[in-house]
Amino acid sequence: MKKIEAIIRKSKFETVKDALANINVKFFTAQDVKGYGLQKGEKMVYRGSSYGTEYIDRIQMDIYTSDEKCGDIVSTILKAGATGEIGDGKITVLPIENIYRIRNAEENEMAI
Amino acid sequence: MKKIEAIIRKSKFETVKDALANINVKFFTAQDVKGYGLQKGEKMVYRGSSYGTEYIDRIQMDIYTSDEKCGDIVSTILKAGATGEIGDGKITVLPIENIYRIRNAEENEMAI
Amino acid sequence: MKKIEAIIRKSKFETVKDALANINVKFFTAQDVKGYGLQKGEKMVYRGSSYGTEYIDRIQMDIYTSDEKCGDIVSTILKAGATGEIGDGKITVLPIENIYRIRNAEENEMAI
Amino acid sequence: MDTNLFTTNNLWILIATVLVFIMHLGFATLEAGLVQRKNAINILFKNVMIVSIGLVSYYIIGFSLMYPGESWNGLIGFAQFGLALPEGDSIGYADGSYTYWTDFIFQGMFAATCCTIVSGAVAERMKLESFLVISLLFVSISYPITGMWKWGGGWLDEMGFYDFAGSTLVHSVGGWGALAAIILLGPRLGKYSKNGINPIPGHNIPLAAVGVFLLWFGWFGFNGGSVLSADPDAVSLVFVTTSLAAAAGAIGSFFTAHALFKSHDLTMVLNGILGGLVGITAGADLMSPMESILIGLIAGIIIPFSVVFFDKMKLDDPVGATSVHLVCGIWGTLAVGIFGSMAGLSQLMTQLIGIVSIGVFTFIFVFAVVYIVKATMGIRVSVEEETQGLDMAEHDMPAYHDLAPRSEDLAVK
Amino acid sequence: MDTNLFTTNNLWILIATVLVFIMHLGFATLEAGLVQRKNAINILFKNVMIVSIGLVSYYIIGFSLMYPGESWNGLIGFAQFGLALPEGDSIGYADGSYTYWTDFIFQGMFAATCCTIVSGAVAERMKLESFLVISLLFVSISYPITGMWKWGGGWLDEMGFYDFAGSTLVHSVGGWGALAAIILLGPRLGKYSKNGINPIPGHNIPLAAVGVFLLWFGWFGFNGGSVLSADPDAVSLVFVTTSLAAAAGAIGSFFTAHALFKSHDLTMVLNGILGGLVGITAGADLMSPMESILIGLIAGIIIPFSVVFFDKMKLDDPVGATSVHLVCGIWGTLAVGIFGSMAGLSQLMTQLIGIVSIGVFTFIFVFAVVYIVKATMGIRVSVEEETQGLDMAEHDMPAYHDLAPRSEDLAVK
Amino acid sequence: MDTNLFTTNNLWILIATVLVFIMHLGFATLEAGLVQRKNAINILFKNVMIVSIGLVSYYIIGFSLMYPGESWNGLIGFAQFGLALPEGDSIGYADGSYTYWTDFIFQGMFAATCCTIVSGAVAERMKLESFLVISLLFVSISYPITGMWKWGGGWLDEMGFYDFAGSTLVHSVGGWGALAAIILLGPRLGKYSKNGINPIPGHNIPLAAVGVFLLWFGWFGFNGGSVLSADPDAVSLVFVTTSLAAAAGAIGSFFTAHALFKSHDLTMVLNGILGGLVGITAGADLMSPMESILIGLIAGIIIPFSVVFFDKMKLDDPVGATSVHLVCGIWGTLAVGIFGSMAGLSQLMTQLIGIVSIGVFTFIFVFAVVYIVKATMGIRVSVEEETQGLDMAEHDMPAYHDLAPRSEDLAVK
């Protein structure tokens, strides 16, 4: 089993979510993160001085999945999450040793 | 060593925390996440239209632990975190290669 | 490839960021987390009763990196993130199987 | 009339002016509370500029258009640019009730409220500069002309149309302006989808509640000051009818909203209070306490239906300005023909004529202005700007900094 | 008395009415600031409904109960449902100081404050509908009856009991109601555990601070208007004593809270100001500036002790209403027998009789009403609702939307 | 003068007092909105204490220093500790316009504003207790002495210096105090780095906007009450000039800030309104409407330049108090010699003498006091405290609890 971490643009979240739903991936966990990378944050002006943050707000989606489905999910996100401009983000695949559904203690493939 | 990621109900956080403390696991890192899954979010009403979020607010607990303790922790969370209703969440176990305590650069088993 | 998770003091974030920039690591993802550990949270007083939180606010930095650079990054964080007092936090190294740059679907070492 | 009474009368109108002024804060906070967090600076900016532009332009031309002295067939007239202090004894002015300056500043505070009503309805998607241009024309030309028809002694006044403090002259005028603008502007992105209505909840409901309390507070000056003297009987009756109508508006909305939506929606009750206040405004000096309760109650019952109705029409109004000011403004003006000492069929007809004529004029005027501005400057922000929020897009500034950036976070320009 | 002075007097009472009205916003924001974020809508909703229900019910029966004209042994009387405009010349009413309408609306604004005091104490756990029913009975029956005993010319008035603007008649009455209610209601979940007191901090302290400034602002009308005329000496002295007592209350709490808790707790200083205001209210027209400073200072010193005392008694009061209104209300009423031009042992006794008799009546009345409502409708939300917060449980609506949901996040009903 | 007019006049000054009082809430919310979230409790605490300390100390010595009756060469005098009610008929006091109590309370409300101006400038880094000590000396000694020079009939008054409602006596005095304090205090950590200016944005801009509306609201009392009677012509003219100057200030800042920064900075427009208000204050009774627009417009244009200038000088002022109160206070005082019925070169010179002499005295006084406090108690919090925020460091309490801690989260002391 794999854990897929996708760090994407906030503005792409809905598109990615819908694309995943199309391949029947409807369960995942999302969180707000701050991305430090090539792309810089928004410029702001306050009382005559302009400034900006170094990061931009991003969403990280964590998806636990079986080995078979993993490739599918990655390529779906690659397609749906891309704008082609700097700052589209990253997808990482990490190995999972075990996974459990808390509700009924089902394990591994059953739990996803 | 293992990393345990437990995505649980907010309302179960205290119970799980106390159950873990009972087996002497008092160190962990927690964060707020949004869970997309079978269970839908709360229904709200605003100016005559009802609506709801697709996600529900959850807490993710990350626990770094030794291989031996891992089983214990998982079964404790499975017990303490369950309500038996849809939406109880997931526990995942991932392999860790190294772990360090920043304070004194202690490594691996020593660092947990 | 590795994923490095560093859970550090908020007050050390800038120092660590600058130290990493010095060894040319400028891309990472950060998020706010709550750390439960030996160190307790701030004490507050409200209407005659004092109280405190069990956790303290921390920052988690996630860095995806190649196997070679991994050691460097870890030792840099160990140095820059330490105060020597309880509560400095942890660094963990997890194995990554694949990594992709969403912008152009570049893979693995190319994507970092 | 003697100096003493003149001083007291004048003082009351001045204090009423102060109370009407604070209604601008009421509108500002109500609207800021009911928009999304990402548009809060923008709506506050608009409100701040409206009062400012409103007062200055009303000084330059509005006041002279509204109170021209002489007019062409009671339809339009213009005294002069700026103010011209009348000759002679200040006590002689306005039947010995207030000075020329008092008259101007009290009227000036009223004028700006019209545009404020519009600002709420077009919130979250209208370009700042276009909005200010439209407001300028609205407050300095359209509002004074229709105002003159009644309060400036124009044709509606002669016909016997009655509108004590402006259910029509201020509120429904603002509401018609709002309606014209939102028709041309269109709804906020995503508000109406193929699946139905997607509510876009306000980001700070407590702030909106503060706004409604402040509006009620200011309304004592709005209605009480419209007595145009400190006459004890008249002003105190107006206080009673105004308060009871507001209270009954809340109660009406409370039960109606709960019956319709099975939920105690605070924003509905807040709108109910405003509906009651707008409803009583046309006849606040004519009604008995019981009649004012009825008028307020009915206004409060109307509100939830009206809000739903406009949403069904896909007329997107984030703060409910059309329901509160347009619908309840019409209701209040009609109520003068139904309840109270002037009630009667012929009065009802006259009221209807007033409502329709002022409505038609205002709607066409604002529609034309917005249409022209749309064709030239554009009236709507881009999709990107709307998504990002007007605060960042037009002001480069978020409304709230939850965590202040530390110095090191900041990159210097 | 002549028309001019009548007009001025009446105007002042009307303006005082406006100032007392805004105290409802003061209470609303103070209470909203001191509850948890998840209960902010609920407390605002209650406050909005209280003013509304209060005014309407005071119109229907409250005013006639409080000022019945004739009464049975100075204990109870009832004039008629609704209002009945007295015959004849309006200047004749109330010794030529204000009109009948003015009298009603000024008194009506006072009435609703009682329930507002209760709403803060029972916040975060009481059922909305039960609260409204209890409030309705409190404001339309209990408050007017005890109010009549003194202000309506009843037995306490004849006995020489003195309560200028209502330290007892308004504030301690509200405080007794609050006490009765929280005894039957119990503390918020988790407030008192085996380990001691778990503070549940308010979610928006700046909002609470806004509330206290607004209350002080409104108190100029509350106390100043209670002169019941614009008499220059009396009103200006009341302004001085009221302000100095409030200021001294802050100073008293500042030092006491710091001595006790080694910390500058803003909420304590805010409560100290309110304590000073409540304390001076009974004798605001009798005190010298120095005496008003003393009364305020002592009230400010009392506050932190009192807050801690109620917590020790496990009487959970999120906003400190019992300390501010009940304890300082009693202190202020007693102070009339200790300081100022009426001081003396016999007056002190009379004050005590007034405090106790009104306290006993109010406590029993509210206790009985709450008890019956508890047995029938229930008074407390379920554990789930309390944990989830009343905003979602009773209003399906959070107070703040930090990130506005985008249209796509929304599932249509 | 007769009782009736006396009553009306006195009533107006009392109402003006209430309006000036609420300016303290205006300052409190403006400043709270413009500081970081972690310092919000602290600035509110300071504002609450300033009003309280200000009123009590003004009662004890300030009033007697400012209005000593007799003075040594028009430079300094002292009547007595506390107040001493003048003998005889209250109508005789102050030319039959208001009572002694009214005089004190109106002046007392003014006095505290000075320190409030300072509190904003030194926000986010000054020790609470040191600030309170400095404020106490400022409000009870420095402000009354320079106030006496003009309003107490001192040497500047005899020389013909004119300052209607205090552009200099209140606002620039507060501004000089602020300047002296921030010079000795230094900028906030990280504000000025080798790379330039790092803005530290306010955490709640809507709250700041509320503050400015409330200040404008209160300014009707500040300027209108300074007529010291309800004289219809004078008060109504002052209302007109005050409002138009405020409105023009917003417009001036709107265009200037956009030209300079290519952005619609709400905080600049808010400061522009305040600049216009401060600017008109010295001559609000002397100007025509058009002149007041010009004065306000220029003040509004000055503001953005001034804010940038102080930042270039590395004088860190989180709320822009020096630009608003000092710079526009000077501008307004000079404007009396340039525009309006007193304009003329010799008047301009007299105005300059007043500005400079009061400025020098105040600057030296405050500088000396702050210097001594710095050397003894210290004036600046530690780096850790500043980083952590003064709310936790000095009050053990955050301003907002986004998520209320559940009972189980809490460890009992």
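Labels for the chains are A, B, C, D, E and F, by order of writing; each one numbers its residues from 1.
The rule is simple: a residue touches a chain if its C-beta (ideal position, glycine included) is under 8 Å from a C-beta of that chain, and two chains touch if they have at least 3 such contacts.
Small disclaimer: the values here were computed from a predicted structure and weren't measured.
K.L.:
If we look at chain B and chain F, which chains touch each of them?
P.N.:
A, C, D, E
K.L.:
State the smallest step count from chain D to chain F, taking one step as a move to a touching chain.
P.N.:
Shortest path length, in steps: 1.
K.L.:
In terms of residue numbering, is the interface formed by chain A and chain B classified as same (over half shared) or different (under half shared)?
P.N.:
Counting which numbers both chains contribute, under half are shared, so the two copies meet through different residues.
K.L.:
Please work out the Cα centroid separation of chain C and chain E, and write it as a whole number of Å.
P.N.:
The answer is 52 Å.
K.L.:
Using mean CA coordinates as chain centres, what's the chain B-chain C distance in Å?
P.N.:
Between these chains, centre-to-centre, one finds 19 Å.
K.L.:
What whole-number Å value describes the gap between the mean CA coordinates of chain D and chain E?
P.N.:
The separation of the two C-alpha centroids amounts to 32 Å.
K.L.:
Using the touch rule from the top of the page, what residues of chain F touch 2 or more other chains?
P.N.:
4, 8, 11, 15, 196-199, 201, 204, 210, 263, 265, 396-398, 405-406, 408-410, 412-413
K.L.:
Could you pull out the residues of chain B that touch at least 2 other chains?
P.N.:
Residues 31, 44-46, 49-51, 94-95 of chain B touch two or more partner chains.
K.L.:
Chain F touches which residues of chain D in the complex?
P.N.:
Contacts found on chain D: 3-4, 6-8, 10-11, 14-15, 17-18, 21-22, 24-25, 28-29, 32, 40-41, 44-45, 48-49, 51-56, 59, 82-83, 90-91, 98-102, 104-105, 108, 128, 204, 207, 394-408, 410, 412-413.
K.L.:
What does chain A use to touch chain B in their complex?
P.N.:
The contact residues of chain A facing chain B are 3, 17, 26-31, 62, 64, 94-105, 111.
K.L.:
Would you mind writing out the residues of chain E in touch with chain C in their complex?
P.N.:
196-199, 201, 257, 260-263, 265, 267-268, 304, 307-308, 311, 320
K.L.:
Which part of chain C faces chain B closely enough to touch in the complex?
P.N.:
2, 6-8, 31-38, 55, 58, 60, 74, 77-78, 81-95
K.L.:
For chain F, which residues are in contact with chain D within the complex?
P.N.:
2, 4-5, 8-9, 11-12, 15, 19, 36-38, 189-191, 193, 195-206, 209-210, 212-214, 216-217, 220-221, 224, 230-233, 235-237, 239-240, 243-244, 246-251, 254, 263-266, 269-270, 273, 289-290, 293
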